[in-house]
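A, B and C label the chains in the order they appear, each numbered from 1.
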Amino acid sequence: MAFCRQTVRLFLPGNRYTCIKRYISNQSKYLTVKKDEEFDDVVILKMVKEPDNSICTNLLEVLSETLQQLEDSKSYRAIVLTSGVTGIFSSGLDMLSLRQKPSNEIYKFWSLYQETWVRLYASSLITVAAINGSATASGCALATACDSRVMAEGDHVIGHDETRTGWLVPNWVKFGMVNLIGFKETERSFQKGTIFSPEDAQKIGLVDMVVPKDDLMTSVRIRLKESASLEDDLRISTKNMMRRETTENLNHRQQEDVTNMTIYSLLEHVQESIVDTNAQYLGWKPVPWPSG
Amino acid sequence: MAFCRQTVRLFLPGNRYTCIKRYISNQSKYLTVKKDEEFDDVVILKMVKEPDNSICTNLLEVLSETLQQLEDSKSYRAIVLTSGVTGIFSSGLDMLSLRQKPSNEIYKFWSLYQETWVRLYASSLITVAAINGSATASGCALATACDSRVMAEGDHVIGHDETRTGWLVPNWVKFGMVNLIGFKETERSFQKGTIFSPEDAQKIGLVDMVVPKDDLMTSVRIRLKESASLEDDLRISTKNMMRRETTENLNHRQQEDVTNMTIYSLLEHVQESIVDTNAQYLGWKPVPWPSG
Amino acid sequence: MAFCRQTVRLFLPGNRYTCIKRYISNQSKYLTVKKDEEFDDVVILKMVKEPDNSICTNLLEVLSETLQQLEDSKSYRAIVLTSGVTGIFSSGLDMLSLRQKPSNEIYKFWSLYQETWVRLYASSLITVAAINGSATASGCALATACDSRVMAEGDHVIGHDETRTGWLVPNWVKFGMVNLIGFKETERSFQKGTIFSPEDAQKIGLVDMVVPKDDLMTSVRIRLKESASLEDDLRISTKNMMRRETTENLNHRQQEDVTNMTIYSLLEHVQESIVDTNAQYLGWKPVPWPSG
């Protein structure tokens, strides 16, 4: 069963194809890159960094490069971003990437994160987040950069809890969130560090669908087929038309936004506060949606 | 019964009035321009281009000029945009305007459309869309440019289905839609080419009221009276204050946006795809609002 | 019981502290500035200008200066903006400030209002509006500039009714409103001059909580504790990150926006229309939320 009506890949020059094939078979320590079992032109990007898929330089690099290569290859139409770690989609940035590093390394880290986020947000591929565990802080941000979000039912959560662990949400992440749930909900949830159960996340529009865990990939594939019913040219032009102003704005602000995060990271009390705060939501129980 | 408390028209210099009068009596092949039966200072613009009010250069020209003249005349306070074609408000652009034309003509067409849309959006007149049939693609865009939208109950639909027929939604149209239904709903509906039943359109805020077909003009007049209870100076200043940034932004982007549409139109496969796809929603049955 | 975990004030140099103390004890004719009974680092700003807290130059000056001094002092973390006048939070601008004044004074008045509004919107303090009476026109605008809004149940209202009294809503006020309730609701409510009952205001997101009158300050304090659970640095950075673009945009547009309001104020018929229209909502009865 083919996801696109004709398998574009067959028409690629051999050397290019080989290169993709090699890439696809390359299993990184942090991210596995595999063709989907059902659709030839869908690639499953699975974060497999135990214990919590915290996002470090290496994970960002492999994610960013993979996105670039898949786009360049023209062999694939869609990616599914998901997790191979039980119960966790991603717990956010690996804070140890920022601990006791020289300022130029910290600047480089934030740049890489900003660029990867914008690349994912503006990707010409169909991008679906298959959220099979808690997606907190930058784990949530990766999901909001995708075209759509399907989340598994369960005791896991999604949201920006940065402030609860003493961290500032990067400005670029705000834009994706405001586009999804509006300004007021974004401001409130960032200030409170609110994390949402799958059901509450769907209520405010942060995720598009919530499905039983065992139906996750089936639902993702239904959504993929829906998106893929459009010609690629048209789908890409429409996505670009919708996201252009946000992307332009983020590119324009990049240096300022990255500098702000670097300065914040270097504050003494922020440096001191950096501990391994990940994996805290294992076993989290949903709380009712706050009334106020 | 007079719509405004004093009939401004009486104080106009004779020659100006004559000119308007001549204009008002001028029945174009595509757009009839008539005073409302009840209110002296309301003009009914009725699209009468069989079979589906597809929007061609001529229709855009007469609409744009009429808007300009009505604004300049100061004799009229409001327009109602509606259709004289049964079951169809407007099916969108007349694609044949773009078929096998030289690039400068295509550029001119998109410019004219962009200018007409912005003129309607920023009009100093009270503008109400009386949607008495399906309003799809640019037919929907004309409605969203108005101050408010009253839609008749029935089997017709409203929405941007451009992608279903292989077309790209112009960037300027996006702004009107985002202001009405927000970014996420706009992105999703543009990607899917979603068309809405009147009831679903009201649910997401795309139309303001849904009324039985026979009550359409009565409801429109109630809305007109409401809007007209404000002094014109104040109403115009308030409208201008609300829409200023969008209008400025669209004027600023005009060349880029028109160029993008021209380039898209000239793509070989796009040219080949141009067929008369209009009038496809006659007899359309409403489907339930998608849950995901 | 202390609102912050350590009393920052104790570590301030003596002379600075003295200065604040003097300031705090200074009771203006229009605005009383007092420490909260429960929390040492919360200041209650109570508008006490009988009969309706209409906003004049003096009230704006004392509010703006107080905000600046409280921010500079670093002794206080939060302000609560409320009213000492029964049944009225604030009825909006004191129109007599604009009656028969030279244009430079009118320009100065709008500048002062714009600057005060932006200062409140961008304040590094936690800002809560405790709305214990009707908050109309610029009275509503002061509330929307705060971080959150708690409103007392009762027969009072909130909203922008400027157009009902022949006035234009200033452009800067729009941004706060759009961020809270979205573009379409803002446009519609400004055009109609809609005022909302507390319950309806909560429904559209204009206020965050509605509570029995006697519980108002208790609820405000719960909200304050919630906000204050974040470190100040982090809370301020997050607020700044969220509100930066709006503030930048307003600073950029300041001259244009203030000039527009000045020109409008000087129109002959606007000058003639200025009467003391305040206090009109005492005894107002809530009306059902319009369906259309």
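In the analysis below, contacts are C-beta pairs under 8 Å (C-beta built on N, C-alpha and C of every residue); 3 or more make two chains touch, one makes a residue touch a chain.
Note that the structure is a prediction, hence the values are computed from the model and not measured.
S.K.: Over half of interface residue numbers shared between chain A and chain B means same, under half means different, so which is it?
M.R.: Copies use mostly different positions to touch.
S.K.: In steps of 5 degrees, what rotation angle do you get fitting chain A onto chain C on the CA atoms?
M.R.: Fitting chain A to chain C on C-alpha atoms yields 120 degrees.
S.K.: How many angstrom lie between the centres of chain A and chain B, each centre taken as the mean Cα position?
M.R.: Taking the average C-alpha coordinate of chain A and of chain B, the gap between them is 38 Å.
S.K.: Going by the contact rule already set, what residues in chain B reach two or more other chains?
M.R.: In chain B, the residues touching two or more other chains are 182.
S.K.: Chain A touches which residues of chain B in the complex?
M.R.: So the residues of chain B in touch with chain A come to 163, 166-169, 171, 174, 182-184, 186-187, 190-192, 260, 264, 267, 269, 292.
S.K.: Quick one: in the complex, what on chain A touches chain B?
M.R.: 147, 178-182, 205, 208-209, 223, 226-227, 230-231, 233-235, 237-239, 241-244
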